[in-house]
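Both of the next two complexes hold chain A, though its partner changes from chain B to chain C.
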Partner chain A sequence: MTGVREVGDTAPTETTRDTAEPTAARGGEKTARGGRGWLEKGSLSRFVLTRLLLFPPTVVGAGLFTFLLVKIIPGGPAYAKLGEEATPEAIARIERQLGLDRPLPEQFLAWLGGALTGDFGESFQTGTAVSGTIAAALPVTLELVVIAIIGTVLVAIPLGVYAGKRAHLPSGRWIRSASGLGLAVPDFFAALVLITIFSVWLNLLPRLGYTPLTEDPVANVYHLILPALPLILGGSAIVMRQVGAAMADAMSSDYVRTARAMGISERTVTWRYAFRAVLPTILNVVGLLALGQLGATLILEEIFVLPGLGRTLVNAIGQLDYPVVLGVVLVYVCIALVVNLIVDLLAGLVNPAIRRGTS
Partner chain B sequence: MAIARLGSHEDARDSSCSSSPSLLEVDDLEVSIGGTQLLSEVSLTMRAGELVGLVGESGSGKTLTGLSLLGLLPPTAAVTGRIWFEGVDLIAADQSRLRDVRGRAISMIFQEPRASLHPARPLGKQITDVIHAHEQVPAADARRRAVDMLGMVGLPDPRRVMDSYIHELSGGMCQRAMIAMALVCGPRLLVADEPTTALDVTIQAQMIALLRRLASELDLSVLLITHNLGVVVDLCSRIVTMYCGQVVNDDSTSQLLDEPQHPYPSALLRASDISFDSPDDWSGISGAPASPARPPRGCRFHPRCPHAQERCAENAPPLEPGRHGGRTRCLRSDELTLQGVSR
Partner chain C sequence: MNGQSAGRRRRAAPWGLWIAVTVLVLLLASALLAPWIAPYDPLAQNLQNKVQGPTSEHLLGTDRFGRDVLSRLIWGGRNAFGGVAICIAVAVTLGVPWGTVAGFWPRYLGTVLMRVSDIMIAFPLLVLAVAITGALGSGLVTSMVAVGLVLAPNIAQLTRAGVLAVRENDFVESARLSGVWEPILLVRHVLPIALRPVVIQLTIFTGLTFVVQGALAFLGLGPQRPTPSWGGDLNDAYSQILAAPLQILPPGLLLGGVVLCVYRIGDTLRDRMSSNLARTERTENDVVVV
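So, the complex of A and B:
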């Protein structure tokens, strides 16, 4: 998880720096207008390519970091497997079996070589291929995050726009206070309250269970609503605040004043002018939120007993099941990298200076 | 007391001017924001086709006056008085009426052309937005009109400008585009809030020439708000001076240059660089401008006025017809003879 945090935390600064760079450009149809060409310095395509080239070193770095972290944890997988009263001989045998007696660099390189070809080794505990475990768990987590993000966007953006437009009125302030409350409530507590309300009292939503999307899409989504709700509530509080503040700024900006001074309708002013101007902010906030919610699935998968990546990781850490821990962390890192790349790409596309390559 | 006297003068002026109906008549406008009174006793009149300058130091309430004309004050503002425009009281008008007036009857352009236009919306769209806000026209017609208007404000290659974003144009071009946006629906009055301040000197001159040409071609009245007396003197036939949230003087440009009737515009003139004869006679105005939130007792200008007497600190002067025409707000206007700057 540390690797994920790191990537998530450093990304926003990079994002702002890169998108603020006025010389960035995308090649293509508009190059005739004085824009920069495909892969030319400062072009969006070049920026994306640079990012893609940075992927492998980042992934390897994160893998090494996690590898060392796991090794620092006292005890060892052999103890975890055999229990307290294991004899030293039995432990040595198991460690030899698992390849843990070899020097660390050798262990790491062996793992890395496999990982780069998609082979994360076998679980120390079950002996099954880690890639298979991940393939089964990943969709659960991704679905949970996607549902949470869609729900958050649907709830928070209209509310944020509403609050931003009424920042000076009691209704706007009331929404802000409500979002403050949402920020203060931890996910697990919200989950417990929601379970009590929707599952125990109202008996509307199932508390446990998971059906794969491929089997029964309706049952699948039905089972994921309750786990996603705490994420939607917490995420909405964050997004609403940011969108509200950005909208309030935009609504009192000079260009909105100009649009109003020419009689442009309030609806056009709100959506085509103010909202359009806060779109980059929204993209960044939602991108960061996606990473935050990816982390938050850890505890929600535990509470709702969902067979996702988070639960897999927590179990694997408990059993010091190195291959599983490493594999899952690597997947988290890759998701974070891809989310960041998508956010930066979208931010570039909604910025005309970058899209057109003019400055 | 002062207000009552002002009222009687307004009546007198109205009857004398009834032959040429005014386009805009602001009577006793008072604006407070968040309980602080920022404009008081603001009165001014404009006739159709007239170019009027509105000058005064920073914070004197010029922008607020301009924004009041369009009902664009912040939502926390409280407004009293009358703003008659073509027979309609804009202060009593509701939002949909005001929205109709904006852009089609009165438009306003602003100081920072770059900040005042949307950074991520093509300029052509911003202009056609105005057309669509007021008229039901097909998109192609709106576009054609926008292109014509861009040509009219002197932008070369209007078609290219239509698809440009502000970062692709210079400040002067952005200001021209904003003027096109303001005039595309044919308003009768343009409030130009320091349209040249952010531009360099050569562009300033072009902008003034443009406003002069547009005013005559489109039969447009212009209320030009500016710090720069040189610019108003160039363009406007009449100059309204504000100080500390009040109109203190309202004179023809030639009268103001020959013999100002109020010490404040007189000091402003001498502080600006348009004294043609004696450039050495440069003197600023002592002291800082008074804040309209905490106006001085009596005449608001008296703490800085070189001609102030004791009574100036006691009695607030009303805005009265001046000796040489126009209107002025000075207790001593009858006895003072102030030095002008013109030849």
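So, the complex of A and C:
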């Protein structure tokens, strides 16, 4: 469901780079022509290093944002922990215990320091370590996203290539219209429809339940098919449109016409020539989709009662369990930042223009 | 030649567009006129008639408390449209000044503002919306303000990109040289062009907001029961999925249909406005239009 936002997002950042730093870009190009040494402007090593160096401050920034967000919850953690029996003395005692009477920057650094070493504190509700809760929930969410992405790639890329090659024929247009429909259907509604069909009527797939991968891989995947299906359908709609449009562009390009004129077989032209030009687009849209799907798993975990991060977060918010909320949100954003970093690095690897723009 | 192709598009497009506009106008009107046109009280329970299919008395049937589904959807429309309006208002009033300032003073202030927006955009949308709603407390207004806050940095980045691109134009420089005061220059000459991509993106965000609003209400973070809301009613229907699976259809199809209509309008807007932009700007300066 978030895919639409992400796809729209890619354009402005690129525009920004082009217009904001025209001189830098041009300078980079010049050195690029004259051969690139280690860490020179526009070189791959410099690009990778800048990206890696920017990563830790971004994580700290995201941590700070999360921390401040939870700080504005009315009532405060001590009140949430005590509930009905909150007297001023009890609140003061608890706040001292939790270190909440210390200045904010000190609290933040203590929390972040702990979080980075895997110590997220203890849950208010259960008293167990938050890191344990996260360690149990994280694989569920990650697995769901991975299955969704693999499914999406398998469905959307062949369809997108097919639609792109037939962009001006009825079959291509039909695929495009169908994907427009797929964009509009909220994935939680799609999930309910799929439950009705495959679980209630046909009794083919289970609606509830989860078995860890380590316990029984077959049962595990069997339980995750239905939750992943809405993500695959929604994600395919997005990826198919992007791949189709890029493929249609590539197929009408001069080099494809030349290749055809030279008598190269249609299959080779499609996959060795046109499809290669579409690869950066695929990389970008699948990376952004992974981020969108990460958020979308939250509601699917609620529907299918999967013990992942999303369910943990929603429960923790309901119980005002601050340490859990903080920890889970931080883990979410760290996954997102890592995916971002990987997509950025891969994009720079396949497209030198991006490297120049940022150096 | 450009005019010709635009003309052809104008002839080809309207059907879907007019259906989309009509559906949205009718739904908005029914939401506004809810007290007069809803056949029943959306909160009135009738446990003798619960979980019924469509009948002549209850056109869309009744839910698990015997409440009239049609009446609840009409009243829920008030929350849906009102909520989306709140969200978009928050996103625009925060995002546009944010991006304008960042685009007009790009050096230091702009860098700081954009780093903040980068960090906010890094969060998965639904996770951040749920977390902010959790911080503000559940409810229609708080949840929609939360979504507005999540979308604001996106609007800010688009605005900044537009402002930066327009600033490069010769006409801005000549206006500045002729002594136009900077804020006037910004509001009168730069923003009207710079905000065009933002308007296109806003229609897409409107569709997205309907979805996220439904999701938050489904999760119980939106309007609290028994207030009618499309997402909340969908969750009510889900609890009956074994007994009466078709109960999910009225709220779900309504929500999906609204989103489809909004996206259809957004598509047309993008086609028209980007072709206009391309005609006017691309020739003078190599402005990259979003």
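Following the convention adopted for this analysis, the second predicted complex is superposed on the first by the 278 of 359 C-alpha atoms of A that agree within 3 Å, B and C clash if a C-alpha of one lies under 4 Å from a C-alpha of the other, contacts with A are read in each partner's own complex, and residues count from 1 in each chain.
The rule is simple: a residue touches a chain if its C-beta (ideal position, glycine included) is under 8 Å from a C-beta of that chain, and two chains touch if they have at least 3 such contacts.
A quick note: this is a predicted structure, and the numbers were derived from the prediction, not measured.
Asker: Between chain B (first) and chain C (second), which does A:L98 come into contact with in this model arrangement: first, second, both, or neither?
Answerer: neither
Asker: In the overlaid three-chain picture, which partner chain does A:A246 touch, first (chain B) or second (chain C), both, or neither?
Answerer: In the superposition, A:A246 touches no partner, neither chain B nor chain C.
Asker: If we overlay the two complexes on their shared chain A, which of chain B and chain C does A:R272 touch? Say first, second, both or neither.
Answerer: So A:R272 only meets chain B here.
Asker: Who touches more of chain A, chain B or chain C?
Answerer: C
Asker: Could you look at A:N351 and tell me whether it touches chain B, chain C, both or neither (first, second, both, neither)?
Answerer: Only chain B; A:N351 stays clear of chain C.
Asker: For A:A296, select first, second, both or neither according to whether it touches chain B, chain C, the two together, or no partner.
Answerer: So A:A296 only meets chain C here.
Asker: Tell me which partner A:Y255 touches in the superposition: chain B (first), chain C (second), both or neither.
Answerer: In the superposed model, A:Y255 contacts chain B only, not chain C.
Asker: In the overlaid three-chain picture, which partner chain does A:V314 touch, first (chain B) or second (chain C), both, or neither?
Answerer: In the superposed model, A:V314 contacts chain C only, not chain B.
Asker: Which partner chains sit in contact with A:F65 here, chain B, chain C, both or neither? Use first/second/both/neither.
Answerer: Only chain C is touched by A:F65; chain B is not.
Asker: Could you list which residues of chain A make contact with chain B in one structure and with chain C in the other?
Answerer: Touching chain B and chain C on chain A: no residues.
Asker: Flag every residue of chain C that touches chain A in the complex, lowest number first.
Answerer: Per the stated touch rule, the residues are 106, 115-116, 118-128, 130-137, 151, 154, 157-158, 160-161, 164-165, 168, 197, 201, 204-205, 207-208, 211-212, 214-215, 218-221, 234, 237-238, 241-242, 245-246, 248, 252, 255-257, 259-260, 263-264, 267, 287-288, 290.
Asker: Okay, in this complex, where on chain B does chain A touch?
Answerer: Result: residues 70, 72, 75-76, 99-104, 107-110, 112, 115-122, 126, 129-130, 133-134, 165, 167-168, 178, 181-182, 185 of chain B touch chain A.
Asker: Would you mind writing out the residues of chain A in touch with chain C in their complex?
Answerer: Interface residues on the chain A side: 1-2, 4-5, 8-9, 11-16, 18-20, 58, 61-62, 65-66, 69-70, 72-74, 180-181, 183-186, 188-189, 192-193, 195-196, 200-201, 207, 291-292, 294-296, 298-299, 302-303, 310, 313-314, 317-318, 325, 329, 332-333, 336-337, 340.
Asker: Looking at the complex, which residues from chain A come into contact with chain B?
Answerer: 22, 168-169, 253-255, 257-266, 268, 272-273, 276-277, 279, 350-353, 356, 358-359
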